[in-house]
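After this come two complexes, each holding subunit A, first together with subunit B and then together with subunit C.
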Partner chain A sequence: MTVANAPVPISGGVEVAPRRRPLPGLAKYLGLTPFAIYVLIFLAIPTTLAVVTGFFTEDGQFTFDNIAGLFAPNVLATFGSSFWISAVSAVIGAVVGALVCYAMLGTRSEGALRTIVDSVSSVLAQFGGVMLAFAFIATIGVQGLITVYLKNTFGVDIFSNGIWLYQVPGLLLPYIYFQVPLMVITFMPALEGLKPQWAEANATLGGTRFTYWTRIAAPVLAPSFFGSLLLLFANAFSSYATAAALISQGSQIVPLQIRSALVSETVLGRENMAGALALGMIVVMVIVMWGYSVLQSKTSRWQK
Partner chain B sequence: MSSNQVRIGAEPGTLARTVILAIVGVVFAVPIVALIEFSFRSGLSGGYTLEHWISLFAPENARTYRDLFQSIGNSFILAVVTVAIVLVILLPTMILVHIQFPKLRRVLEFICIIPITVPAIVLVVGLAPVYSVVVKVFGGSIWTLAFAYGITVLPYAYRSIQANLDAIPVVTLSEAARSLGAGWVAVLWRVLLPNLRRGVLAASFITVAVVLGEFTIASLLNRRNLQTALLQVSQSDPWVAAILAVLALALAFVLLLIIGRLGSVGRNQSEK
Partner chain C sequence: MFRKRTFAALAIVAAASISLTACATTDAPAGDVDAATATSAEAFGGLDGLIAAAKAEGTLNVIALPDNWANYGEIKALFEETYGITVNSADPDISSAEEIAAAENLKGQDTAPDVFDLGTAVTLDSLEYFAPYQVANWDEIPEGNKESTGLWVNDYTGSMSIGYDSNSVPEPTSLDDLLAADYKGAVALNGDPTQAGAAFAAVGLATVQSGGTVDDFQPGIDFFEKLNDAGNFIPVNVTGATIAAGETKVAFDWSYNNFAAAATVDGWKVTTLPGAVYTSFYNQAINVDAPHPAAARLWQEFLYSPAAQNLFIVGGAYPVTIQAMTDAGTVDTGALDALGALDGDLVTPTADQAANGAALLAEKWAAAIG
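Take a look at the complex of A and B:
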């Protein structure tokens, strides 16, 4: 890479100056328009529409009815289920994921182990959805590998209290299954940011491994850990595909309630209810992601 | 690395490492193994067979699975068009902003991260009315869905390309080329793109992986792609659904493994 090491030319030099701005002011900005228009049509407008429709009736009259509908007991219960499943799966995912990151500490980042773990994590964290639901039906479904094994070997029937796989508790295992890999992807850089010098300083000053972890590593890693925890929460909260594939009917969590509102064409004004639900989700997501970015900015100074 | 010395750092011992990775690895392998096992089951009664794998690829069943294969084709069309959107709309904008509008970098980053905060299930509520217009302009063919997918892949594609942009001296390279008399097209095509090859490839692969796995938008806009077809076929023929899920997961794994190799090669080079 000889180019990379080439000395930086005096870019503000007199000779170069006339060539540097060949694009006149306006033409320069024209280059930004395709992206701006694209983002406007397919991100800004849909997001605005999704949020704003909640404030209107089917006939276009302004109303707070849909927003008030968010506080109906059944909708609140749905938000409660979403919170519950997201929080539990995020905490378990974060702890297990952090353990995996810890186990990989000290391995070469270009080594085969890390490359494979990274790729597997990316696949399971981003790709899962419907296929993850299939995998869990094959594992702990009524005829699943583990279900049948437990029944035949130990006489344990995991569904003795009813088939919970197709209910909200059934989402927990598949959700943890995609939360752990996401934690591995997001938390690994922070853990790698621990500098060996800190451990040496700790040892020179007479500290033990215990003081190293409690006094140095834990405070440094805490913002990143809780930031990743929030990201995991947001990830589970907004996840739709796995739930949709497992739970074919009903609206047990918020994304499924949006589905029911969108799909049921018979009830008038339901689309506007979908808008109100979307607004509710965005409010939660913005708060969570804001917390994430605050914690993340506290993390980044250790990673330089 | 220093297993014989007194360990002073954060690194775990070999035993702890092996135990943690082995337990998590085995637990996470179980659902995938179960999925593969299921695809070989001959029926509810037990026993194994290759029948389902053979029948999926048997020419005489082509008619039975025609809709399924068409949906897979749709997903590949969508993957190609979405990659094109990333390369034609996102990539030039990122290079332009990097060179000409350094102050806008944070704005661009913010825009590209928004799709994480606005999940697909929310976006689709507002996409429905937008697509009623899109269908009037472009017709109802499947590729138009790629416009929405281009948005959902923004955070991933942005991250891959930006990592590469940060690693090479873009401004220096383009000024060097300009001062040697190259036009902007030559700068872009012959100087910057070869240097950005790795980031562009990684962005393309992650885009393909995300598009092949997308379910939410396609399902709620009533379009047919790989994932919606999988869910549909699983009602009547769960074995075929399991086989295709295994194959799709394997394909995504290979794509992301290549990204990993691209990334680590880059790290080696930039360290030297």
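Take a look at the complex of A and C:
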């Protein structure tokens, strides 16, 4: 389940390479072959195999039981919380990330600050998984540095209403931690594509700063903003390791349900349910991407 | 011409080497035994033949045997020392279901597991993965603790116990004690009961301690829901590290795991509640596709010998031949006295009861502790 990078709406770019004659016949597809094979072996085949197992019993009989199992109330609830955590962390990540990008527009594009924020974001966007979970456990876990400091110094118990860090809401903090930098690196190029001439043209025609943002910048940036938002959603929706390291009870999100179906030594015979759950995740992503493409077809006329 | 002569020369060399190997194998004891189908040491002409065949293989692959679980660290070391066979210990922390998955995925490779140590539910669900084998002291294993052909055999059990940090919380003497404010954010399980046998047993213990039976795990689920509502349940998996860090101050776990923690963490004590005692045997089985079939069978002979069975006692577990060893006077009385006898009203769910309990947990657990 991958999502293409957010489209970057830079129009009217300068044609740098000289136009080449198109290759005849099949030869023009030759260059695509390595990538196509890679996608086939590492994405298409495993996905198909995983999903197909969802339609069979352990003994190889065709069945719809696993698909029907997706509609059990407890499984629907995990899809609900997966969707909720992904959507909330994506929206917060996108808004905060966009604000960071906007703030950085005021700095020199080759300046030290922007370079540092850029490279730090690239690193932190990938800083997920067990390392991140451990970092949070060590700082704001039950015996974490900050937790204990707050308790001893100010008498504030951040877990007085229950230990939320090890529940679904507790995933928000670590998820936002890698969502914001991911937004910065995907959305910054789009913001940089805003031309000063547009602002000047707006001013010349008597527009205000407000009309510039609502009638020019926002429509131009919308597709890449929502594209990035979708990327963030997919990123959180399929994230497994961070949640696996933090949540040990209840398997409240779908990737943890898949783990449970595969490794459980008490609830047996649900291995093929994992395939059905994967199918469910794909369906959710397809719906979200379809929604995005509808949205984009509405907004793309501004980019012409 | 040249080709023909080369071929002839090759043929002579080949014939010679075949007859030489034939000589060599007839000299070695039990060289023509198919170890993979041997159902007892008799097939090797006795234990010495089995030892020789296992030494020739030189390696044993074990899986899911943590060093601090029922003293497996010392048991593996003693096996290596006694027979000079290398023990490759893979994935110590995986579940029983993953052991079977590993056997399936690694089938035909020399890294596949030779032997399994499995919870009962997975054992009964995976019979086609096992090779039948009866150890020399087969008769010392009680009838109810083994499959009649030796596909699987119980090896050790513990009782579901409560470990606690005596430096920061009082000793719990009943289940309801744990609902008190003393235990705020303190009580943990070893895993998720919908995935891990030890946590499942903890819910089973809570069930029978609440006056229920293992026919219906609902009282146990209700107890943990109350515990969670009281803010006393901490959703962190108990490990030696969480105990040492003071993150999990009270832990439901097998007695042997809690005793292992007590041996290393100052102030960690183990108690079992009066009344019903929840026990559950683990099971030994040989992988039918074991890459080292003789070593796998020697491991069984070794595990059921008094030396290894006594090491289970040292590690806080009750081995399956404990009665026979007590009768024969081979039991390590010092270790047994330190552990205390396993008595009380012993409860173990049948396969059906366990399956029903698991189905109920799959449906209700997430909501109960959410």
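Heads up, the rule we're going with is that the second predicted complex is superposed on the first by the 228 of 304 C-alpha atoms of A that agree within 3 Å, B and C clash if a C-alpha of one lies under 4 Å from a C-alpha of the other, contacts with A are read in each partner's own complex, and residues count from 1 in each chain.
In the analysis below, a residue touches a chain if its C-beta (ideal position, glycine included) is under 8 Å from a C-beta of that chain, and two chains touch if they have at least 3 such contacts.
From a predicted model like this one, the values you see are computed outputs, not experimental measurements.
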| item | value |
| --- | --- |
| Touching partner for A:283 - first (subunit B), second (subunit C), both, neither | neither |
| First (subunit B), second (subunit C), both or neither touched by A:167 | second |
| Partner chain(s) touched by A:156 [first = subunit B, second = subunit C, both, neither] | neither |
| Touched partner set for A:68, first subunit B, second subunit C, both or neither | neither |
| Subunit B versus subunit C as contact partner of A:100, first or second or both or neither | first |
| Subunit B versus subunit C as contact partner of A:77, first or second or both or neither | second |
| Touching partner for A:143 - first (subunit B), second (subunit C), both, neither | both |
| Comparing the two partners subunit B and subunit C, which touches a greater set of residues in subunit A | B |
| Which of subunit B and subunit C A:274 touches, first, second, both or neither | first |
| Doubly contacted residues of subunit A, that is, touched by subunit B and again by subunit C | 143, 262-263 |
| In the complex, subunit A residues that touch subunit C | 72, 74, 77-78, 141-143, 159, 161-163, 166-167, 247-252, 260, 262-269 |
| Subunit A-touching residues of subunit C, taken from the complex the two chains share | 94-98, 101, 118-119, 121-122, 125, 185, 189, 191-197, 200, 231, 234-237, 245-247, 354-355, 357-359, 361-363, 365-367, 369-370 |
| Subunit B-touching residues of subunit A, taken from the complex the two chains share | 1, 3-4, 6, 8-9, 11, 15-16, 19-20, 22-23, 28, 31-32, 34-35, 38-39, 41-43, 45-51, 53, 96, 99-100, 102-107, 109-110, 113, 115-116, 118-120, 122-124, 126-132, 134-139, 143-146, 177, 180, 191, 194, 196, 199-200, 202-203, 209, 212-213, 217, 234, 237-241, 244-245, 255, 258-259, 262-263, 271, 274-275, 278, 281-282, 285-286, 289 |
| In the complex with subunit A, residue positions of subunit B that touch it | 1, 7-12, 16-17, 20-21, 24, 28, 30-35, 37-38, 44, 85, 88-90, 92-93, 96-97, 100-101, 104, 111, 114-130, 147-148, 150-151, 154, 156, 168-169, 171-173, 175-176, 178-179, 184, 195, 206, 209-210, 212-213, 215-216, 219-220, 227, 230-231, 234, 238, 241-242, 245, 248-249, 252-253, 256-257, 259-261, 264, 267-270, 272 |
